[in-house]
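You will see chain A twice below: alongside chain B first, and alongside chain C after that.
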Partner chain A sequence: MLALCTIWQVKCLDVKRHQTLAVLNPFKAAEHDMMQDTDLAGPLVFCLAFGGSLMLCGKLQFGYIYGIGVVGCMAMYFLLNMMSLTGVSVGCVVSVLGYCLLPMVILSSSAVLLSLKGMIGIVLTVLAVVWCSFSSSKLFVSALSMENQQPLVAYPCGLVYGVFALLTVF
Partner chain B sequence: MADRGQSWPTQQDESAIIDLGDVNDRDDGSDYETDMSRGPTDGSGKGSLEEDVRKRLTDNVTQMVWNAGTQQAKRAWSLYGNIDILRPYFNVEPHEVRTRLLQSFLPRMPSSEKQRAYRELYGPLMVVFTLIALLLFQMKAAEHKVEEGTLMGTAFGVCFTYWWGTAALMWFLSYVCNAHITSIQLLSLLGYGLAGHCVVILLGTLIHTSHDHLFFYLLWAVFGGLSTLKMVGVILSRTHGKSQRLILSCTIAAIHLLFLLYLHFAYHQIVEDLSRVLDSDPVVKQPEVVNNVRTVSKGEI
Partner chain C sequence: MDVPSEFRNPGKRRPKKGGTKPQLYEDTSMQPPPSEYGAHHGQGINMEGYNPSGYGGPPGAGQFPGAQYLNDPMANMAMQYGQSLAGQGTDFVHKNLEKYVSTSRVKYYFAVDTTYVMKKLGMLCFPFTHSDWSIKFNQDQPVAPRDDINAPDLYIPSMAFVTYILIAGVVLGTYNKFTPEQLGIQTSSALVWLILELLILNMSLYIMNLKTDLKYLDIVAYCGYKFVGMIVCLLAGMVFQSTGYYSTLLWFSITIAFFLVQTLRVKILPHSEDSNYSRGSKRSLYLILSISLLQPVMMWWLTGYIMFTK
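Presenting the complex of A and B:
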């Protein structure tokens, strides 16, 4: 029993590692069945880390993160179900959007050291938003076989992460 | 004999003794009087049979009507409540969306030929979401505070109410004026028309002009005007009759242009007011007056 639990924990950690690496390297091709194991623990950790790093900047925005996250996930779930032939589950959408929040966590952590309202901050913000939307659209199109529609999936992802960026900057 | 079938089986089940006191308590008169009031003995049984049949018939008819209504409601829900009916309107390619966005700024002269109105919801939905994001950006930049609400709720409410509300109004007017345009085409047309609003709000937020709205009015006339002319051209090509065309074109032009004015003066104006208040001279000079007073008081001492 203990061995089974250990194997299960190792498998979960392995899944988390693979998905995190897929986000950190957006130019690497994603496996088709990577998002079969939907995981909510990783997105939860990243959301808490995002809120925590904003708290270090003097902003208590956990409610906004939760609200924007819920609205963004619902909108993406509706949109992807309309655009894809196979459909997508809510868990998959939450998992992808949550893991791809990692660059935004890095941006909010950098906001502790430097101001994001200057030219460097604007460039970093734009880069983070593009990184997040590119990673999330890559994972969605690989899971739903929508390669020719990646720009159409990337744009709404960019809008969601753009709103998160507004929380970070202002 | 009166019908005492209800009491007899009970008494017979319990005991062979019949208590006449119980029997007499159930009636206010004798059996014979009861029989007289109800008529002949065979008529009362027939009357109760008719009532029973009527009651059963009523129950059956009610049940049938209820079942038929439930079936109709379920059929209507499966037909119209199924979200899959919207799938064809999201089947687009990236180059199609790009082309339609650019064409929303290129009006064509109305002619006898019908101008194409697309049946698509992906592009308009993205334009509306972009407008929401830009409004949030504008409100965050202006530190706009919304009492009894949230910034996101306000932006969502404003944009979706305009999109759906105006589409509903134009659909009603199109029905009255007999214009050949469907509700999906109106949603698509109005959605793509909001691209002009997005451009104006983005440029207006990035480029601040101190208490001078000339730049905004210029953008309003150019981008707002182009998108309005595009929508008006499509509607005019699909409507017959001068008065009908006038009603539809004036309504959509007025609502579209006034909405942009509302977005500017409700949210962006605050930035101008704040910058004017912070840059005014009397606020800057006050500390010098205080210092002068302290210097004079020290001199006297």
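Presenting the complex of A and C:
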């Protein structure tokens, strides 16, 4: 049992590091086959971290995060299947959206220290949402080869992350 | 003496390296050749990704202990069963969904690109300079919006609807009235009003017995375009209070009414050239006018109570 856990962790850590680096550097082009290996552990870790940092701000909203996450993933899955020539799988959508939640986690941890309702807070929130949506749209576009539609994919991703930002700020 | 041995040793080593290399490539043969930067990363990941599922090839250097547990046939069977279950579930959903909503038709409404969206948004904000409102393609087949600027699409209405819910949440947040339940409340009430409006329009089209080319999804698209104006009204109201809200509401009422009159005139009117010429065209004219005037009323109804909850 312990051996199985070690295998799982070592395998996932390598994938996580690779994809986390892809999210953290939004200006580097993504590889086409990065999303072949869908991984749901990383997104789960990021969601829990997001909920944990919101808890530090005094908002116990794990249920809402889960609900919004599921609804957002279903909506993106439906939209991407309609818009792309090849379809996507649910695992790929959940994986990409979950990994790109990382800037949101950074934003909510900074909300512990400074209030996000001032001018700096608004700028930081907008920056985080733009960063999340840019990197997730980059990953989707490279996985589905929809080159001239990147802004169209980025906008729904921005909406999903905007709802998370709404939870963080208000 | 040294020189020949040196020459010989590299020669001996090379076939061995060549022997192991094809095995590595066989493991990762399903992947496209990785790029130069990601070569080491890719092969490292692929090796660890494929080896545990027992696709063959010996574990390379640095392989984790216990990999043989995942070569267990029971684990393989369990994984394959899980995958087949997932596949069956997707097939079941697709078959049942196909009965109600034809997925291939809906796909036409989402075949948009960035230039179409930009131009359509410009048309929604300022339709007075656009001259040709007819759709150039054959009406029997659905037209992909990226081919014709006048074709309706479902991308803009759905994005505008979700953005409207978000902006409503932001406005409520600035009044310190935001809770996450509010998002659900706003969504469901806006959806109910939208569905009510669609029902009324479909009933009136059916009752008036007009021969049109308007499909059901076209009406959904046209009713969804007003959400673009509503978003701008809410933003203006947030920044400029009442004056901003009312002036943008007036502007977008005029533009959406004009837009709908021009679009529906092309779609509805040419088909009432049958025996009841004058009566038919009068009916369709009344219908177009009522649809166009219903939109500003709905816009005011759905945004007014958000702006003025204090």
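Operating definition for what follows: the second predicted complex is superposed on the first by the 159 of 170 C-alpha atoms of A that agree within 3 Å, B and C clash if a C-alpha of one lies under 4 Å from a C-alpha of the other, contacts with A are read in each partner's own complex, and residues count from 1 in each chain.
Throughout what follows, contacts are C-beta pairs under 8 Å (C-beta built on N, C-alpha and C of every residue); 3 or more make two chains touch, one makes a residue touch a chain.
Just so we're clear, the structure is a prediction, and the values are computed from it rather than from any experiment.
S.K.: Put chain B and chain C onto chain A via the superposition and say whether they clash or fit.
M.R.: Aligned on chain A, chain C clashes with chain B.
S.K.: Examine A:18 and indicate which partner it touches, taking first as chain B and second as chain C; both and neither are also allowed.
M.R.: Second partner only, chain C.
S.K.: Please indicate which partner A:130 is in contact with in the superposed arrangement: first for chain B, second for chain C, both, or neither.
M.R.: A:130: touches no partner chain.
S.K.: Have a look at where A:166 lands relative to chain B and chain C in the superposition and call it first, second, both or neither.
M.R.: Both partners, chain B and chain C.
S.K.: Kindly classify A:156 by the partners it touches after superposition: chain B alone (first), chain C alone (second), both, or neither?
M.R.: Both: A:156 reaches chain B and chain C.
S.K.: Identify which of chain B and chain C touches the larger number of residues of chain A.
M.R.: C
S.K.: Based on the superposed arrangement, let me know which partner A:61 touches: chain B (first), chain C (second), both, or neither?
M.R.: second
S.K.: Given 61-69, 79-87 or 187-195, which part of chain C has C-alpha atoms clashing with chain B after the fit on chain A?
M.R.: Stretch 187-195 of chain C has C-alpha atoms clashing with chain B.
S.K.: If I apply the document's touch criterion, which positions on chain A are contacted by chain B in one structure and by chain C in the other?
M.R.: 68, 75, 79, 82-83, 148-149, 151-152, 155-156, 159, 162-163, 166, 170
S.K.: Can you check the complex and tell me which residues of chain A touch chain C?
M.R.: 3-4, 6-7, 10-11, 14-15, 18, 31-33, 36-37, 61, 64, 68, 75, 79, 82-83, 148-149, 151-152, 155-156, 159, 162-163, 166-167, 169-170
S.K.: Per the contact definition, I'd like the list of chain C residues that touch chain A in the complex.
M.R.: Those residues of chain C that touch chain A are 31-32, 34-35, 38, 41-42, 44-45, 48-49, 52, 64-67, 69-70, 103, 106-107, 109-114, 117, 155, 158-159, 162-163, 166, 169-170, 173, 178, 180, 183.
S.K.: Note which residues of chain B are touching chain A in the complex, please.
M.R.: Those residues of chain B that touch chain A are 83, 86-87, 89-94, 97, 122, 125-126, 129-130, 133, 136-137, 140-141, 150, 152.
S.K.: Can you list the chain A residues touching chain B in their complex?
M.R.: Against chain B, the touching part of chain A is residues 67-68, 71, 75, 78-79, 81-83, 148-149, 151-152, 155-156, 159, 162-163, 166, 170.
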